[in-house]
Structures are given as structure tokens and as C-alpha cells.
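Next, two complexes with chain A in common: one pairs it with chain B, the other with chain C.
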Partner chain A sequence: MIGLALRRSALIPLVLLVASAVVFCLSRLLGGNVTRSVIRSRSLASAPDPAAEARLAAELGLDRPLRDQYLAWLAGAVRGDLGRSFTTRAAVGPEVLGAAGVSATLAILGLAVALAVAVPAGVLAADRPGGAGDRAVDRLGAVVLAVPEFVVGPVLVLVVAVWAGWLPALGWGTPAQAVLPVVTLAFFPAALAARLVRAETRVALAHPSTTTAVAKGLTRRRVLAVHVLPRSLTAVLAEAGPFLAGTLGGAVVVEVVFDVPGLGRLLADAIGSRDLPTIQAGLVVVLAVALVLTLATELLGRALDPRLR
Partner chain B sequence: MAALVVVAVIDWPVEATDFANRLDPPSGTHLLGTDQLGRDVLARVLGGVRWTVGLGAAAVLVSVVIGTAVGLATGWLDGTRARIVGTLVQSVVDLVVALPALLVGLLVAAVLGPGLAPAMIALVVMGWAPFARLAHRLTVTARTEEWVVAARSLGAGPVWILRVHVLPAITGPLREAFTARFVGAMLTLAGLSFLGLGVQPPTPEWGAMLAEGRTYAFVAPWLVAAPAAAVVLVSALAGRSRIR
Partner chain C sequence: MRLLAPLVVVLALLVSACGGGAPSSGGGIAVALQFPPRAGYAFDADDGALLTKLGVAEPLVALDRQGDPVPGLATSWTQEGSSWRFVLREGVTFHDGAPVDANAVVTALTYVLGRPAPPRAIKGIGLQVAAEGPMTVRATTTAPDPVLPLRLSSGTTSILSPAAYATGQQPSPIGTATGPLRMTEIRGTEGATLERNDGYWGPKAASARVDVRYVTDPQTRELALRSGDVGFAEGLPETSKAGLQADPSVTFTEFPSARTILLQLNQSAPPFADVRVRKAVTTALDRNVLANQVLGGSALPASDLFGPAVPYGATQAPPAADVPGAQALLAQAGFGPANPLRVRLWTFPNRPELPVLAQAIASQLQAAGVDTEITVGQYDAQEPEVLAGRYDMFLNSRSYLSDYPDAASTLSSDYTCGGSYAIDRYCSPAFDALVAQLGIVTDPAARAQLYRQAAGMLTTDAVGVPIVHPRNTAAEKGVTGFVPDPLDLRPVLPVLAPAG
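Coming up: the complex of A and B.
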């Protein structure tokens, strides 16, 4: 177990190194005319003059050989300096870390809300097959899984913020502003988790250990909470790590809709303006978090479920 | 399904502007109202079928072909070297399947820049993997079936066996997976376009239309409601046809 953890965590820096080199080189080789995009994002000139382009390329170091550019970036990255944004010239490192903090808060809150709804719903649905809870998980779940975040978000803004005026539509920082983004983000994982928990709970209910627990004369609630619940959470836990990692970069839709200054929106904006240092730093952070979380959930799963060892 | 194909083939007047009637609410002449340039929203939603549904299906179709070919090959080939290649391919598949769809879209857009072609490439990059996994598993099962063993003992070559005996046996589950993946591909494409990283305006792709309409949500909520309803309708219908 510890050996596996060490082996797998030793691989992470290696994967990061390779991935950073690939992204760095490919984005510079295939990405089209970077200087023109940068000038366009700074001013409104649609066709900048060649002299200005050459000056900017020299200023950004884009005229140097690719290998030198990457080694310079790597040398900086090792010291914790991730370079300066092409468009704003601000240091990329603090900006990316700040945005990652916002995204992490959003992701954890979203997952917490989703699980708080989904776990009880899934267990109760499995406990009464064909009952109201079971049908709700079926139908509501199917609807929610069919509706993407870029529909849920704008519709919630329209209904809750614009027409009803209960909550602010945009921004980040106050608890009221967090409600809509967190709820939007929680929709999909809640539906998915409810179905997973229900399926796992059905299996756990049919297990001999459950029959034993019932035969011992324990209350139904105690059987569900102590004997069934731990068994039915393994599948959800296995999904939770990748979900958190995905949300860090993938909550971009929610962050754009609600104007949340997170990592996803930072990345999407940077991609639009070809701000390569920000893209590079953002992707490396997202990838690092994804690798660490995937490993962590796998280890947690093994610790919880002896059958996986 | 057939209705969608018909709608996709027809050329709807998606770019006809009428500046006298901008941001008109739904009415008899414009059933779903008009947008900020006086374009008929109904025409644009119908014209969007070609982009959102058509491109989504096209991406999955390409993914099916690539994934099935890879899965057939890795599932069929035997011997040490083939097994090493197969294991490598399967670990790539595991990695791709684990990545969130929008993240792959962001990654490809980061490398190639935003646009329709990068978005389609992203869809295929993440789309082939599940089909490769499925075809691999199905082929491994099929190769031990009596009729395949019989064909082989009759002297049939591997390509012949795969085409005549294995492929027909595995198309059912693959078709099932096609509809399952189609919804995901369509939503990812629309999501990327919504972010400005996929299909670009003025093309009436539903995600792009939603993003444009959001600016006018206060004065013209139908600009948000119409493409949103279209996306949900198609994904719900495709989801239901999958269950049957």
C-alpha cells in the first residue's frame, strides 16, 4: 500500500514535466500568430504593422529558439516563477494560485451540496424500491443529466436573480453570491451520485452481512447507517476525486456564467487572447491537482474497501 | 430522428436581418421573437440543428470508426509484442476516459487556438477511447466463440474473420454506445461554443446563441430560452431513445 503510494507519487512530477513540455512546444508551434492575437487583445488594431509585431515578439522572447524558451520557462518554474502574462504583464503565478483557490472553494462546496442531497436520496430510494424516492431519483435524475450547466446557469440567473430578484446574479465574495454557482455546479454530480449510491445500496442490502444485521434485531435506520452506508459510498468516492479535479478546470462554464474569478475562466480568457504563460501555468496546476486527487481517491478507496487491495 | 435530418438539410434564413424589428417578443410573424439584429430566432434555432446536432453526431461517427478499428486490432492480436502494445493503448484509453470533457476541449483550444476545427478535434480526441475499450472487450469475447474458431480452422484470414464474423456480432452494443456518447459530444460542443472556444457567431450553433443571448437576458429572455430548450429537448429525446 505505502509502496504503491510512493511509486505512483514518484511518477507525478515526471508526467507533469512531459506534459508541460508538450503543451509549451505545441502551443507555440501550432497556435497561429501569437503576437498578432496579443496585440489585438491589447488594442483594437486588426492588422498591426510588422515592426510592432517584431518588437513585441522580441519583448516576449518569442523570437528565440523553442528549446531555449522552454528551458528558460522550466528554470523559472522550478524557482516558483511562472513568468508574466503576455497581455497584462502581471506575474502569472500568484494570479493562477488565487484563481485556483476560488475554484477549489467552488468545487468543494458544489460537491458537498451534491453529496448532501444525493447520498440520503440514493439510500432511501434503494430502501423502498418503486417508492416515491425511487421514482424521483429515476425521473428527476434523467432530466438533470440531460441538462448541461450552460443551460442551468443562465436559466437560474433568469428565474432567481432577474425575475424573482432573490439573489445576486453575478460576482463572487459574499455567501449570497456563492449560492447560484454552487447550486448550478451541484446539479449534475447530485444526479449522478444519487444513481450510483442507489445501485450500490441495492447490492449492499442484498449482502449476507445485512441479513445478519437485520436478524440481530437492529433497527432499520441503524442497519442502513452502520452496515449499508459505508459499503455504498465506495463508487461515489471513486468519482469524487476526478470530479473535484475536473471542476478545477472544468467549472469554466459556471465561472463564466456567474462571473466567478476562478481558474476555468482565467484559462478560457487566456486561450481566447493566446496568453501563453497563463495557459501554461493554469494547465500545469490543473493537471497536478488532477493527478494528486486521482491518486488520493484511489488510495482512499483501497483503504475503505479491502476487496480492492 | 428523421425529422432532425430533414431540418438539418433545409437552408433556414438564419442570417436575414430586419433592423426595424429588433428584440421583438414572440409573435405571429416571429414565433420565437427576434434577436438583437432582427434575426428570426425560430429560424436560427432550426438552422442550428445542422451545427449542434449534426456536428455532434459527425464527431461521434468519426470516433466510432477510429475507436472500433483500434479496439478490433488490440482485441484480436495475440503474442507478447501485440499484448504490450495492447496494454499501452488500453492505458491511454483509461487516461482519456478519466479526463473531463470540457478540460480536453480547453486543452486542445489551448494548443490550437479557439475555433470549429479544434473543437471537433477535441471531440474526437476524447471520443474514440470509450469505443476502443468497448470494441476491445467485445472482440476478446468474440474471438473465443465457436463460429470464429470454426472460421479460423477453415483457413479464413484475420481481416476476413474480423469483417464477416466479429464486426457484425459487436455492432449492437456499439450502436447502443453511439447514442449514449452522442449526447455527451453534442453538449461538449455546445459548451465549448458557449465559451467562445468552438463554433463562432454568427453561426447559429445553440451554445453560441445562448452565449450571445445572455447579454440581452433582461430585455429578451426568449434569446436564452429558445436555444436552451432546443438543447434540452434533443438531449432528453436522445437519452430516452437510448433506454428503449
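Coming up: the complex of A and C.
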């Protein structure tokens, strides 16, 4: 396990290096006039001005060969300097990391709330097949899975913030502001995880060890807690990586709906204004997170399931 | 289910402890604005105008409700050939306590003139500034400029304290401007905090504190207003208009904007090199239907390049569609059922109303026998093509004022023979001569007359089709004092106050 972890960890910087070069080249070879786009993003109604574009290209280093631009970026990145935004002139690193922190907080809280609801609901549904809990997981889950975040979010805002006035409708920074985005984000993974837990719990309930535990006279609660739940959770935790990745995807929509300053919104704005340093840094950070999550999921799976070792 | 109980308790505690948003408390208000800073509040970007709108920064010259120049940081100005002499207001200090004097003004304007892409308001005129005395600044241009005071009313020429320019970085407006509201905190593109400047030289801000939130999604702005998170919101979705108007706790305002959605026609190539074809397209379109039905009244039908946002703009409704007339014009140009006119229509989705309008325009043209192929693409990719004349029709949205209330630069860049944004590729010596007069005439009434003539000439020559003038919207809830500014150039926030 440790050897595998070390080998895979060593590969991550290499993958990031190749990916950073690909992203750098692609973002600059997409066509169009980057300096004109940057000027328009700063000053919307500006008419084309070749002299101003040439001056700006020189200031941003865009008049240098692509190889030199990339090597300069790489040298900075190695020192922890991811460059300056073309549009705001602010350092990109703190901006991207701050936004990534917001997105990660949102995604982790969303997943935690989802699991806090889904695990007991799934176990309850499996324990009483055909009962109210089982039917709820089945039917309610189907509805929730069919409704996207950009519908759930405004509906929650309308009910909880506008009609009831219990919570703020937008923003980020206070616990109250986090509730609606987190709950919105939790809907989809909660429905998915509840179905997964229900299926795994049914398998665990049919396992000989569970039958033995019941025959020994253990209480139903103890059987579920000690013999069934760990088996159910193994499957859920093994899927934690894809779950978190999916939740991060949903977070982009939630960030727009609730005006949360996360990485999705930052990247969308940067792509719109051809702010190449922000796009570069944002995508590299996203890739790094994805690689680490993939490795963590693989290691977790091996730790929980001896058959994978 | 036992795990649910603690979760519900935690959520309930959070709700009770934190509560919902409040539009006003202790003399403060919260507002939701449509457009966040584009470039970290850089003056060489549109953010200079944003800082003026916020009531944080001020240029030398202010504007009255008609868009005429009035004293701001400068109290008077006089023209002497190709230079203007500005006398500064005595006793004004920046938010950091430094005095506003000629050296501070020269430092600020020199900085912005030296940027790689200086603001539109002052570029291309050879502007240079120098201190003539402790409180007098001389501004010189290459040629006599009749509207320099108007140019220097642009928020992009606002003056910050010398300390802001001494850092070597982009100057920060925190504590360095002169306006009725002092910026105390910037939260990226998320928001900013403003506090009343009690030492302001003019009328004090009505609120002690303003929490500015930049909310790009219109539906989110509406929900934030209705929930009470903010007390003022602008740019509300058209679908919310009826609901907000019916809500007694909300004051809803709709007002014109200095913007026109234009169907631009490429005159440098067939078929639109033929004025009869251009007039046929104009005649086939029913702009009243496009504004009132397709856009649901969120825009006014345009009969002219300039709309009701400016005194010289047209206010009469355009004529209804005349399909037989359009067909007759097309027949004269050689098009008909046997030889139908087929054209491409390009537009872009950044402004959501454009693709919708493009579909409706294609439908109306179809009734006159014109087949239209629509392409919705990215503006950045389309711009070089349309500027090079490699297009047929381009549905564009254009502000006809450039940072200051004068349309001369737009007429020059968009419609003169050598214009840098001459998408229609219109070239008329008579029109160029008319625009050249705008470089000489100072009298506002005479300039307004020239604008009317210029717009009339464009209509006569069928230089594109002005389709609609979009309308702006704003709403207050628990806040009062909003004064609509069709020019979108004057301070908005200083006059907003908590209700009651």
C-alpha cells in the first residue's frame, strides 16, 4: 500500500507538468486576438486599436515566443508564483486558491450533509423493504435525481428566503449564508447515496455473518450497527471520489445561483475575458485536486476491500 | 433517523443565530449591482465609471441631469485655443486627508494617460496636463477640443490621492478617493463596503454604510431583493416585472438606456451594397412587434440610432412593417420568388436578447421572401470577420455614448470612412463632413442639432437598422431615493437611504 502510494504520488507532478504545458498551449492557440479580448473585457465598448493592443501585448509578455512564455510561467510556478491576471493585474495564485477553498468547502459540506441523510435513510429502507422509508427512497429519490441544481436552488430560495424569510438568499461568509447552497448541493448525492446504501445494506443483511449475529440473539439495532453498516459504508466510501467530483460539478451551478465566489465562477469569468493566467492556474488546481482524489479513492478502496490488494 | 435530529437542530440553531439578511440597519443599506469590477477597479477600464456610480471617486467635472457639465472637483474652466484651464475647488481633501491640488490632479491624469490602452474618453486627442498654479491645471490637446470638460466628466478620469500612485502597483481606491462614500473594503468581484465620507465637500451621502454586492445572475438579484437580503437591485429580469410592480413593498422603476440594438448590414459587398436591398430589410421589419412582443416590453422600438435617453434622441415609434413595399424594393434589386435573397445573420449570446431577436428578425424577413441563415457564435471570433467586411448581417448591441455624454466618438468610430469600428462599412463624405463639425462646435444645442442630422442621414441611407433601445430596470425595498440615470454616468448610491 505504502509503495503504491509513493509510486502514484511521484507521478502526480509529472502529469501536472505535461497537463500544464497542454493547457498553456491550447489556451493560447484557440484563435482570436488575446490582447483585443483582454482590452474588451476591461473596457467593453472599446473600438479596435492596434497600437494599444501592441503596447498591452508587450506589457503582458504576449509578444514573446510561446516557448518563452511557458518557461517563464513554469519558472514562476515552481517558486509558487502563478502569475498575474491579465484583467485585474492581481496575483492569480491567492485568487485561485481562495476560490478553490470556497468550492471545496461547499462540496465537502454538501457531501457530508448528503451522507448524513442518505446513510440512515438507505439502511432504514433496506431494513424494511416495501415500507414507507423504502418507498420514500425509491420515489423521492427518483424525483430528486431528475431535478437539477439550477431548479432546486431558486425554489429553496423562494420558499426559505423569500416567503419564510429564515435565511439569506445569496452570498457566502456566514453560516446562515452557507445553509441553502449546501442543502441544494446535497440533494443529488443524497438521493444517489441513499439508493446505493439501500442496495448494499440488502446484500449485507443477506450475508451469513448477519444471519449468525441474528441467531446469536443480538438486538436488531446492534446487528445493523455492527454487522451491516460497515459493509454498506465500504461501498459508499469507495465511491467517495466520484461523489465528490460530481458534487464539485454541481457546485459550479450553485455558485452562480447563490452568488458564491468559488472556482467555477472564477473560471467561467476568466474564460469569458480570455484571462489566460487565471484559466491556467485554475485548471491546474482542478487537475491536481482530481489526481489527489483519484489516488485517495484507490487507496481507500484497497484499505477497505482486501480483494483489491 | 436519529442522525437527522442533530442535523435539524444544527440547522435550526444556525437559522436562529444568524437570521436572514436585512436591507438596512443602523443607517446602512445593501445593494445588488449588475456588473462587478472588470479589472480590480482600474481607471483605464470601465471600472472607473463604476467607482463614480458607487459615489466613491470623482472626476474634475460633474454632470447634471441633462448630461451637461457642472462643477465637480474643478469649479470653473475656460478654453484658450487647444488648451483648457481648470480651476480646482478649494478645501477638498482625499479620503486619506491629503489635499486635492493641481499636482495631485496632474499625477492622476498622467498615470491614466500613460496606460497601454488609455480610457476612450481621453485617448487619441493628444491630451497633456500640467500644473499652472497650486489650484490650476492646464490641459492641452493636439487640436482644439470643444468637449474636453465633458471628456473629463468620465469616471475613468477620476482623481485619487498621490499615495495611490506611489505604490508602483495598480492604484487602489481604498481610502484614496474624494467622493461622498469612502471605500473601506474590497471583496474581489463579490462586493465592497462603503462608508459615508462626513468630510465631503458637497451633499453628504444619505446612508452611513453601503454593502455593495455584485450579483451577475438577474434572477438571483430579484430573489435577493424580494427576500430582503438587499434593499436595492438593478437589471431585474423581464419575467419579474409584473410581480415586482404588484408588490406594495417594492418600488419598481423602468427607464431608457443609451444603447441601441442594431441590425448592421455589410455595405461593402452584395447584396447590401444596394441601398434598395437595405431599405427592403428595414421596411420588412416590424420593430414595434420586436420590442413589445418578442422582448415583452423590456425595450423600446427604435426609429433612430439615438433613443429617448438623450435629448436629441428620437421618441416617435418606427413605422410598422410594409411587406409588399419590401417585396417591391427587392424586386427592383433583382430578387423575387425565382431568385430569392439568401443572407447570413450573425449574432452572439453574451446579451441573451440577441439570439431571440435574431430568430424573430429571420421570421419577419421570411415573410418578405428573404431566407436567413442564423449563426450564434462568440463575439471575439466574429469581430475580426465583421470588421473585415466578411459578413452579411450582424445583430449587435452598442452604447452610443463612450464614458461621457457625447456621441461624437461613436459616430466617428462607427460610421465615418476611416472609422475603427465601421462594421456597416458606410462611407459618405457628406456624413464625414457633418461629424467633422462636431470637432469644432461647442454649443450644446448646436451639437444636438448635428446629432439629429447625423442620425437622420444614417436612416435615409439605410445604414443598418436600429431595432430597439433596451430599457434599464431597478427596484427598491426598504430603501428610498433612487434617481434613474439613463446616461448611466452619474453617482447612484450616495442618494439611496434606508426607508423610514
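General remarks:
Just so we're on the same page, the second predicted complex is superposed on the first by the 301 of 309 C-alpha atoms of A that agree within 3 Å, B and C clash if a C-alpha of one lies under 4 Å from a C-alpha of the other, contacts with A are read in each partner's own complex, and residues count from 1 in each chain.
FYI, a contact is a pair of C-beta atoms (placed from the backbone, for glycine too) under 8 Å apart; a residue touches a chain by one contact, two chains touch by 3 or more.
All values reported here derive from a predicted model rather than from experimental measurement.
Taken together through their common chain A, the two structures put chain B and chain C in a clash. By the touch criterion defined above, A:274 reaches both chain B and chain C.
When both complexes are overlaid on chain A, the residue A:158 reaches chain B and chain C alike.
When both complexes are overlaid on chain A, the residue A:12 reaches neither chain B nor chain C.
In the superposed model, A:148 lies in contact with chain B only, and not with chain C. Once the two complexes are laid over each other on the shared chain, residue contacts for A:174 go to chain C alone; chain B is not touched.
By the touch criterion stated above, A:292 is placed in contact with neither chain B nor chain C. Using the contact criterion defined above for the overlaid structures, shared-chain residue A:90 touches chain C, although it does not reach chain B.
By the touch criterion defined above, A:259 lies against chain C but remains apart from chain B after alignment on the C-alpha atoms of chain A.
Contact comparison for chain A: of chain B and chain C, C touches the greater number of residues.
In the superposition on chain A, chain A positions 31-32, 37, 154, 157-158, 162, 256-257, 272, 274 are in contact with chain B in one complex as well as with chain C in the other.
Chain A meets chain C in the complex at residues 31-33, 36-37, 39-49, 52-53, 55-56, 58-59, 85, 87-90, 95, 113, 116-117, 119-120, 124, 154, 157-158, 161-162, 165-172, 174-177, 179, 256-259, 261, 269, 272-274. Considering their complex, residues 1-4, 7, 11, 14-15, 17-21, 32, 37-40, 42, 44-47, 116-120, 123, 169-170, 187-190, 213, 215-217, 219-220, 223-224, 226-229, 350, 378, 380-381, 383-384, 387, 398-399, 402, 413-414, 419-421 of chain C touch chain A.
Residues of chain B touching chain A in their complex: 98-103, 106-107, 109-114, 183, 187, 190-191, 194-197, 207, 210-211, 213-214, 217-218, 221, 224-225, 228, 231-232, 235-236, 239. Within the complex formed with chain B, the chain A residues making contact are 23, 26-27, 30-32, 37, 142-143, 145-151, 154-155, 157-158, 162, 242, 245-246, 249-250, 252-253, 256-257, 264, 267-268, 271-272, 274, 279, 283, 286, 290, 294.
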